[in-house]
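Pasting a structure below so you can have a look.
When the chains are written out, they are named A, B, C and D in that same order, and each has its own residue count from 1.
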Amino acid sequence: MDYIKILKEIQSEISSLYTKGEVASYIPALKDVKADDFAMSLTLMDGSYYSVGSDDLKFSIQSISKIFSFTLALETYSKKIYKRLGVEPSGDPYNSLAQLEYENGIPRNPFINAGAIVVMDALISNFKDTDITFNEILSFIKKLSDNKNISYDQIIAESEIHSGYRNLALASLMKSFGNLSHDPRTVLETYFKMCAIKMTTKELSRSVLYLANDGFDPISGFKATSEQRAKRINALMITCGHYDASGEFAFNVGLPGKSGVGGGIVAVVPDKMGICVYSPKLNKQGNSLIGTKALELFTTKTGLSIF
Amino acid sequence: MDYIKILKEIQSEISSLYTKGEVASYIPALKDVKADDFAMSLTLMDGSYYSVGSDDLKFSIQSISKIFSFTLALETYSKKIYKRLGVEPSGDPYNSLAQLEYENGIPRNPFINAGAIVVMDALISNFKDTDITFNEILSFIKKLSDNKNISYDQIIAESEIHSGYRNLALASLMKSFGNLSHDPRTVLETYFKMCAIKMTTKELSRSVLYLANDGFDPISGFKATSEQRAKRINALMITCGHYDASGEFAFNVGLPGKSGVGGGIVAVVPDKMGICVYSPKLNKQGNSLIGTKALELFTTKTGLSIF
Amino acid sequence: MDYIKILKEIQSEISSLYTKGEVASYIPALKDVKADDFAMSLTLMDGSYYSVGSDDLKFSIQSISKIFSFTLALETYSKKIYKRLGVEPSGDPYNSLAQLEYENGIPRNPFINAGAIVVMDALISNFKDTDITFNEILSFIKKLSDNKNISYDQIIAESEIHSGYRNLALASLMKSFGNLSHDPRTVLETYFKMCAIKMTTKELSRSVLYLANDGFDPISGFKATSEQRAKRINALMITCGHYDASGEFAFNVGLPGKSGVGGGIVAVVPDKMGICVYSPKLNKQGNSLIGTKALELFTTKTGLSIF
Amino acid sequence: MDYIKILKEIQSEISSLYTKGEVASYIPALKDVKADDFAMSLTLMDGSYYSVGSDDLKFSIQSISKIFSFTLALETYSKKIYKRLGVEPSGDPYNSLAQLEYENGIPRNPFINAGAIVVMDALISNFKDTDITFNEILSFIKKLSDNKNISYDQIIAESEIHSGYRNLALASLMKSFGNLSHDPRTVLETYFKMCAIKMTTKELSRSVLYLANDGFDPISGFKATSEQRAKRINALMITCGHYDASGEFAFNVGLPGKSGVGGGIVAVVPDKMGICVYSPKLNKQGNSLIGTKALELFTTKTGLSIF
């Protein structure tokens, strides 16, 4: 398939959408991005790589990081992690408290905020120390993307710490139900550092390749997780990867994917490739508007939907 | 692959589970089934067929019928049907009123009861008459399964009409929001007739083959829907096909599927086959307990998950 | 106290509000009222009577009737009625389904629609027949108001039967939970007939006098209920009499009261008088806008709040 | 009336209930009370005083303090305070997050925790400093009870700070909606200090006398608030004073009242007296089990219900 041609078509077809959507405003430091930046990268199983746009632009990966921390938690805790969170779509926004209260502090899945906060709490318990925990996550991501030049944006992390009161509400509520071992602020500080990690679409498309390849990176051979877990992470991405727009994403795109409020979306074509697209303006559900459309065009043009 | 061997292994491995689960009790007439009946059928693209158990036993297809009525509604109304229902997982049981009230009478998706009632209402508007509507659905199913010997069980249909007060509540609530054109009782009578259609696992495994094959039956050539719609129905099945256990089904089985409270589950392996399994005892979420396990064993043994 | 002077002041002070609010539109036949009609009546314990406005105008009493049917149900079932409904404010609109679903079909109190439907169901069980039930309620109201010239408006009753789908949803949901003995439609028909009873402010101010006087009418001597029950009905009116504006009514008016969507509100000054005010335009919560204001002015001017 | 005789009857009649209910366990330091302590005090308008039991025992007033802080906030902010909280019963437990989320961070009323936290935030804004704010509240209570010997229990206050994660969730959620000016922890520290104030039933029965007397203390002449505000605080107590048991309290007791999880309940008989009862074991809704019963017996025996 002529991927470059397809990517260029997509780049051209989405250009009419630059006026739509809104850059995330609730994290002050996230506002300082160029609203019309765009990049899309494909990394195939054999290592071949295709892209359009600013594929060397580092952006805030935000919730995309939840894939990596959850993979680590599965390696650490295996099935025991499911005592503390579920695998069902929430049917609610990513930060809903009502459902969490009704369900006694057990988050629906690892990809809503509450779930990812529990995952972080579990990792801190395992690694004993917040700095070590953060470094373990970062070094896991470096291995997955075969790239040592990855770090986090301290200004964004602190910006979230100071304004993340809804996340503090989620963490405090879970703490009151006994589903958090550490102090809510402590967990959130590490969580926000992880969300503030910056990567390019190139790096991200590579870093999810293990999910297309039964758990190990086909280029470096790094084994991140087992085949069964890789499949299950993909399943979770398709049912829960886009909050209350997960159904729509499965419906229109047809690939396991995970979005971040920084404007990135990663997607996985099983047995074929990792994909990442970036465009910072978001739709109403908080997912990259152009990114979602670009992926829809991609599966329409290539027939590479999993369905 | 030696499908017969695999099916026999599955039949043997699930045998320890016959004591678990409960036959649906809320539809009185459904209780009269043999609790330890089991059947599993595969129909492949080339027409080859494999089965174990009582694959000629007719059982009540119940909510599996929602796939067929929704396909018909898409053919009739195209995208306009999405003004009246969504494509998101509900995160709630199949018959929740709270969410429907909060969302002004617009059901989350076509596979929860409220959504399927709206679909039926739309079909009645199109075909003008309830008998004609039912016959159109029935004849659509006959074409899909290439089998004229399919009918509904009047006793079960009437049993539901007399006890289906929660469905009456759903329909009445949608009517109060203006999302139902006909009288709630009228729509429900036809809806319950459709749910009371009886089929075998053999017939059902064939009848979903169009969803594995871009919208048309590969054996008869009957075109049921477009390629894009077939993919989207598959996407809806994976995110919404098992009510508030949809995430778990995607997670454990990894195939688009749809369950019915009568004990049947259909599943689709894109480009490969249609599957149906039957066992009447249900788990807590109202899906066949053994059926779910059998499908999980199937994808584990064959690696045929879509992920 | 110079009640006539006070009533005239009120009539003058509320005149600037005639442009505000909306006549109830969901019951088609209710729309045919004169939007600027107003009446206010006081009946004192010694039988003295004061009024302003059209106090001989018959209007649809609607939910005010719930006081009378609940009093009858208490006489019939005593405390047993509380197995089927509660005594707590709902904190939700009068017709909410979410709470009713969450609380397994047990309505919060007898003054929200679900509660009054359960009360009607209980009365039908007691009197065996819907016509007899309706006649018992009507004759109870006739005795309370010492007036035989009271009947219901058939057109309004039928108008509600045909459009009352939300009430049908409530009744069906309770039926599905086993908290309704009769068919939902049957109960609703009698319920809507009761709501369609027409009375004047004069008649209504007299008919609630038993609640100001420990359960019996001080003029005729008719004993409607016990002292304790009369006090408890007053308590229920102050906490639950105005749906999700009950707190505001207690706060601003400070009297036990019950509103109807037809534009009437009754209120009780313990040991002193029964009050009724009428004005058909409603505020957002579905209570008479001018009626509420008139009562607030009344307690401010007279100091007759219970607090 | 022979109040001493009545109080002794009550003391005798409630003695069979000492085995029921549970002492609050969520605040660790609150557990260290004698479960069978009991006291009941009446302070009449003319200063006469009646009591049974340990009326000089200091206990943790907890949520009873919300009356005093709210009165102060009304004096400070007048109607403007209602931009930040409502006057409706919540229909939910005292610490529900779901409703607060659904209603965009505006608490239903000043007597649920979220509302009292907003009141504290407003007072801190007014008095500029948390210590000054606490001292103003304490000195207001001293004036109301005409008693300088009132202080708070530091161990209980700190115990709440360390375990009050659900309150931290409420405060954080309101902060995220912009309905809190100060840091959640800062507001909660002062709030928990206020809740940890210790008083006797004698002091508390006197301190609410202003609510029975149009806003000023009839003995000392201290004017705490206006007549209208006093009536409205009473109205709020009857509709919202006992969380999701407010309806039941109005129904069974028939007086404005406010409970605290420390085991105290205050009640007001307009124009007659202030009441306080203490017994630390709580019913399911978190109100003193014996205290509630004692007040019910009191109004039954004296006929002093407001209805």
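As a convention for this text, a residue touches a chain if its C-beta (ideal position, glycine included) is under 8 Å from a C-beta of that chain, and two chains touch if they have at least 3 such contacts.
In this text, all values refer to a predicted model and were calculated from it rather than measured experimentally.
Novice: Both chain C and chain D are touched by which chains?
Specialist: Common contact partners of chain C and chain D, which must touch each of the two, are absent.
Novice: Relative to chain B, which chain's C-alpha centre is the most remote?
Specialist: Ranked by distance of C-alpha centres from chain B, the top chain is D.
Novice: What is the distance, in whole Å, between the centres of chain A and chain C, each centre taken as the mean of its C-alpha atoms?
Specialist: Chain centroid spacing, chain A to chain C, equals 55 Å.
Novice: Round to the nearest whole Å and give the separation of the Cα centres of chain B and chain C.
Specialist: Here the centre of chain C sits 47 Å away from the centre of chain B.
Novice: So how far apart, in whole Å, are chain A and chain B when each is placed at the average of its C-alpha atoms?
Specialist: Taking the mean C-alpha position of each chain, the two centres sit 32 Å apart.
Novice: Multi-chain contacts in chain D: which residues touch at least two other chains?
Specialist: Counting only residues that touch two or more other chains, chain D contributes none.
Novice: Can you give me every chain pair that touches, using the contact definition above?
Specialist: Listed by label, chains in contact pair as A-B, A-D, B-C, C-D.
Novice: State the interface residues of chain B toward chain A in the complex, per the touch definition above.
Specialist: Going by the criterion above, the answer is residues 86-92, 99, 108-109, 228, 230-232, 234-236, 238-240, 244-248, 250-251, 254, 256, 270, 300, 305-307.
Novice: For the complex, give me every residue of chain C touching chain B.
Specialist: 96-98, 100-102, 165-166, 168-170, 172-173, 175-176, 184
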